[in-house]
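Below, chain A partners chain B and then partners chain C, in two separate complexes.
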Partner chain A sequence: MLSTSPTRLGLFLQTVVARAYPRIIAQHRRERSWIFFEVLLPMLAVSAYVFVYRAIGAPESYVGFVVVGGAMIAFWANILWQMSSQLFWEKENGNLSLYVMAPTSLMAILLGMAVGGMSATLLRAIGIVLLGTLFFHVQFSLGSVWLLFLTFTLTMVALYGMGMMFSSLFLLLNREAWHLSNLAQEPVYLFSGFYFPVKSLDFWVALGASIIPLTLGLDALRQLVFAEGAAIGFLSVPLELAGLAVLSVVFVVGSRRMLAHMEKLAIREGRLTESRR
Partner chain B sequence: MQAIRTQQLGRIYKLRDRKKGEARELVALADVDLEVPPGELLGLLGPNGAGKTTLIKILTTLLGPSSGRAWVAGHDVVQEPQQIRPLINMVSGGEYSGYGLLTVRENLWMFSQFYGIPSKLANQRIRDLLGVVGLSDRLNTKTSELSTGLRQKMNIVRGFMTEPRVLFLDEPTLGLDVGAARDVRAFIRDWMRQRPEATVLLTTHYMVEADELCDRVAIINGGRVLACDSPAVLKRQLQREAIFELEVGPLNGVTPDQLQAIPGVRRLVHRPAEGGAALEFMLEEESVLPAVMGRLADGGVALRHLQNREPTLEDVFVKLVGMRMEEVEGDAVD
Partner chain C sequence: MQRAVRSFRMAAWLGWQIESNWTDPFLFAVYSIIKPIAGAAILVVMYGVITQGDFGSPLFAYIFLGNAFYIYVGSVMTGISWAVIEDREHYQTIKYIYIAPVHFPTYLIGRGAARFLTGSISVVITLVAGVLFLNLQLDPRAINWPMFFAALTAGLAMLAAMGLLLGGITMQIANVIYFVGDAVAGALYLFSGAIFPLEVMPAWLRPVGFVMPLSYWLELLRRSLLGELAGGFPTFARFSNAQLFGILLGLTAAFTLIAAVAFRLCEQRARERGLIDKVSNY
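== the complex of A and B ==
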């Protein structure tokens, strides 16, 4: 007996904003520990690599590579721990059944999680870049701001599309999802080249690692913001952008299909409501 | 048009024993036929594992039936879930929905947005309803800081603020203290009084709750509805029976089985008490009482107190199932 009848788009947008709210506002305002755990602690790993590169006399541009890589790690951690496993935790605390029962779309809920997670993580990533630049005097050489914006946006769409797809998959895997997240963390740090140019890997290994959008996204960003970036880039920026565009479509469409499949399967098997009551 | 209708509704869960690898089936719901007209508060009364929650899950479009059909507000739960969802809501007992970091207002606002309620209207309803349940002073309290009772009141507001046409309350007073449970029941009654077209399906295993709140009660056990009528009519089924509560001294070798075997004794509940026992007899008719008293006197059992009482829904349940609800739950655990 709703006294108002929102349009489908209106309801979709309301849902996205509402579900993003807990992550953007509440978590940042009420859990300030993120500054220590998610900005200062990651700086330790970044610092370690910077000192190693300087000790062995690597080109100074590598320092910038590490700082940017360290910032992008925040997004991968967010995808694994707050995006992929989120529907599973929503089920555990009883939220998922309320989401499914509401007249809104589950896709809007997932998108809200993604937008919230992305916005919150962006703040952390900016913090890491600022601190890294301040401590290690990173020299940026920015060409086109618009190209940089496009690259970052495409990377985020593809990455969070992947996170949304994983979210449905992890829901079906239940507790095994936790192990999967653990399993996906360190190898991706390596194969996506967070602390070194991915070109250093074997071509086919780097190409295989490009299924993770951060591999291409990070490489393109480095090429766009550092003078020496193009010389040690994996593929050309246009090619990497094309790859990211393809990944975006694949993951967003895939997440939608996976979500619909998951909902159907969960309703048939009664998996949506096995919360801890 | 009925607010809720089910036809031969059934649900079977397929379970797999992880150790033995054997598959087995659990019948959670079997051939349930129910019709609930608009404006009615129907109670589903039954022990844990009776099938109450399964029925609610099917009606709220969260679970598919294995057989039969169900309609809510005239829409098929399998074919038209999108038509049903704007019209319903659900509150479960012991629910920990929402996010602990959000305040009460923020949590409720978030859920209101999933129903497309404009923020201004949502905030107004939140304030009004929190006032009714006595939570106005907790508007800006973080949800993680609420006690179980206060949290359940917040959940109640979440369920009611969307003004559902059909509301499902699954054990809404579970785990609440007596005062909080009474407040919740009073709120439900008032809400229904103000909305004559709204329908509530409430599951409970508290007899008093069903008796006090419900227009009709469906007694459910083993996935089957055994009876469905108003509490008064259900209790009238036992009008011929006589129920006596006795407090006696030591039984001196007289066993409950011997007492149960007296012709005309329908049921005996025996509870050991300090220095004796409490006995509750359901007799076919009052005239059986002298035989019971005679057997106790023959055994030298001292009578301390005798009282005739009116039948309750629990007596109706026992008559239909053959056991008290706690006994059924004990068996179900095994």
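== the complex of A and C ==
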């Protein structure tokens, strides 16, 4: 009788779907309250910064910058807490060794996490943009939809590639994992220009911050959706797209290599089941 | 009383160990410096870009000081509710602590005290950075120190009461425990006028800020630190210092009473339903 085992690619894709499933189904059917909080919390911060800009007499375009930046923060939070820290939490819960023993690749599992996380976060980001637009009367000036789609896609590929890389690094951490994720919030919000155009920073600081895909992605998105976008852009959109493409390749390839290396290291040093609380 | 003091002391020690011994002192120092500085720098850059660096304006001092002292809200208030989450979900030691001869509410406040210490480090660093690099008008000789410490103490008592209330609520729930503290802190950040005058908000939202004890607390701190410069902030200009203290103490007393009653009820309910040591794996 012929074997009905899936092909290697088939198993890879099945794993991606299986790992993405709980992130999509759990959040939209079992935990609907999370949708409320994950839109509310960023909206509170967005609202506060909008009022700050209004208090200091900023042009109304800055309100739009804050709303879009606040929406993209949802993705960074997803990267920190549901990608980077995820394998660490799996180790804490005792699932990591099961993942390693399963007849599939960890890369597929991480990719499933990324796909599930990205789709769930996308809904939240859209919610934040819609609510921000409704409350604060943001005016958009959309140019090319295809360019916007390409920018967003490249940003997500690069960003989640970075998230997969961080996941493998966090395999080696213990309690410091939570603190490092906590530390990576405000500095990234600052240097990536979530609440103001990154062009406001020193050129070399902004260039250095461009290693984080959201820096270039957010800047390009702002240039594409706001009339004043081009005036406050750090680099031109084509250049930023090229940068994002390079980052995508670097992070995805890097995550694959780093994951293999870290997996070997974790197995050799016995850190797969280590749970030092 | 002795039991409460002992509980507080041990909880504060335990909380300090948890907050600080996850890494070596150097990295802990870096973490303690970078996080508050980056948070303040976001507002500084926003302000600087629009006003072309007019850091001598009273409005900058208003924003900077409000943001700096708001660190205590995340530390103390959210820290107390986080103690329940950490002990129940992460360390799974809450049942052992609960049945130990400690006064549990005082234990939670002690854990908040440890976060107060780490928060104080962040606040001091932020203020020093503001004075050194941003021309923040803080003259130690001109500060009304008795008023400052009185306001700070009253505010911390208020935050501890709110934290205890949140802690009691956290004991009842599982799936949104990580959001509740942040949601309350975020709402207070928005409605208390921490980083912008309440006049900027739509008129129908402003009354919310006037029932928040944090609004009065931050105003008292600003007045004690800035003296006459704080007169440029219109929101509470019609209130004297004594009136502000009266309102703050009244609201603090009210919140303390509500927190004490609510925590007792939540604790009782948690015991009846076996929630004290329930591990939700959230």
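As a working rule, the second predicted complex is superposed on the first by the 269 of 277 C-alpha atoms of A that agree within 3 Å, B and C clash if a C-alpha of one lies under 4 Å from a C-alpha of the other, contacts with A are read in each partner's own complex, and residues count from 1 in each chain.
Quick note on the criterion: a residue touches a chain if its C-beta (ideal position, glycine included) is under 8 Å from a C-beta of that chain, and two chains touch if they have at least 3 such contacts.
Just so it is clear, the model here is predicted, and its values are computed rather than measured.
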item	value
Chain C versus chain B on the shared chain A, clash or fit after superposition	fit
First (chain B), second (chain C), both or neither touched by A:31	both
Touching partner for A:56 - first (chain B), second (chain C), both, neither	second
Superposed arrangement, angle subtended at the Cα centre of chain A by chain B and chain C, nearest 10 degrees	90
Which of chain B and chain C A:126 touches, first, second, both or neither	neither
Touched partner set for A:189, first chain B, second chain C, both or neither	second
Partner chain(s) touched by A:99 [first = chain B, second = chain C, both, neither]	first
Contacts of A:230 with chain B and chain C, given as first, second, both or neither	neither
Chain B versus chain C as contact partner of A:205, first or second or both or neither	neither
First, second, both or neither for A:249, with chain B first and chain C second	neither
Superposed arrangement (fit on chain A Cα atoms) - minimum chain B/chain C Cα distance in Å	7
Overlap of the chain B and chain C footprints on chain A, listed as residue numbers	31, 93, 277
Footprint of chain B on chain A - complex, ascending	1-6, 10-11, 14-15, 17-19, 21-22, 26-27, 30-31, 93-95, 97-104, 109, 267-268, 270, 272-273, 276-277
Interfacial residue positions of chain A with respect to chain C in the complex	31, 33-34, 37-38, 40-41, 44-45, 47-49, 51-58, 62, 93, 174-176, 179, 182-183, 186-187, 189-190, 194-197, 200-201, 277
Contact set on chain C toward chain A in their complex	22-23, 27, 31, 34-35, 38-39, 41-43, 45-51, 59, 63, 90-91, 175-176, 179, 182-183, 186-187, 189-190, 194-197, 200-201, 281
Chain A-facing residues of chain B, complex	13, 57, 60-64, 82, 85-90, 92-99, 101-102, 106, 109-111, 113-118, 121, 142, 162-165, 198
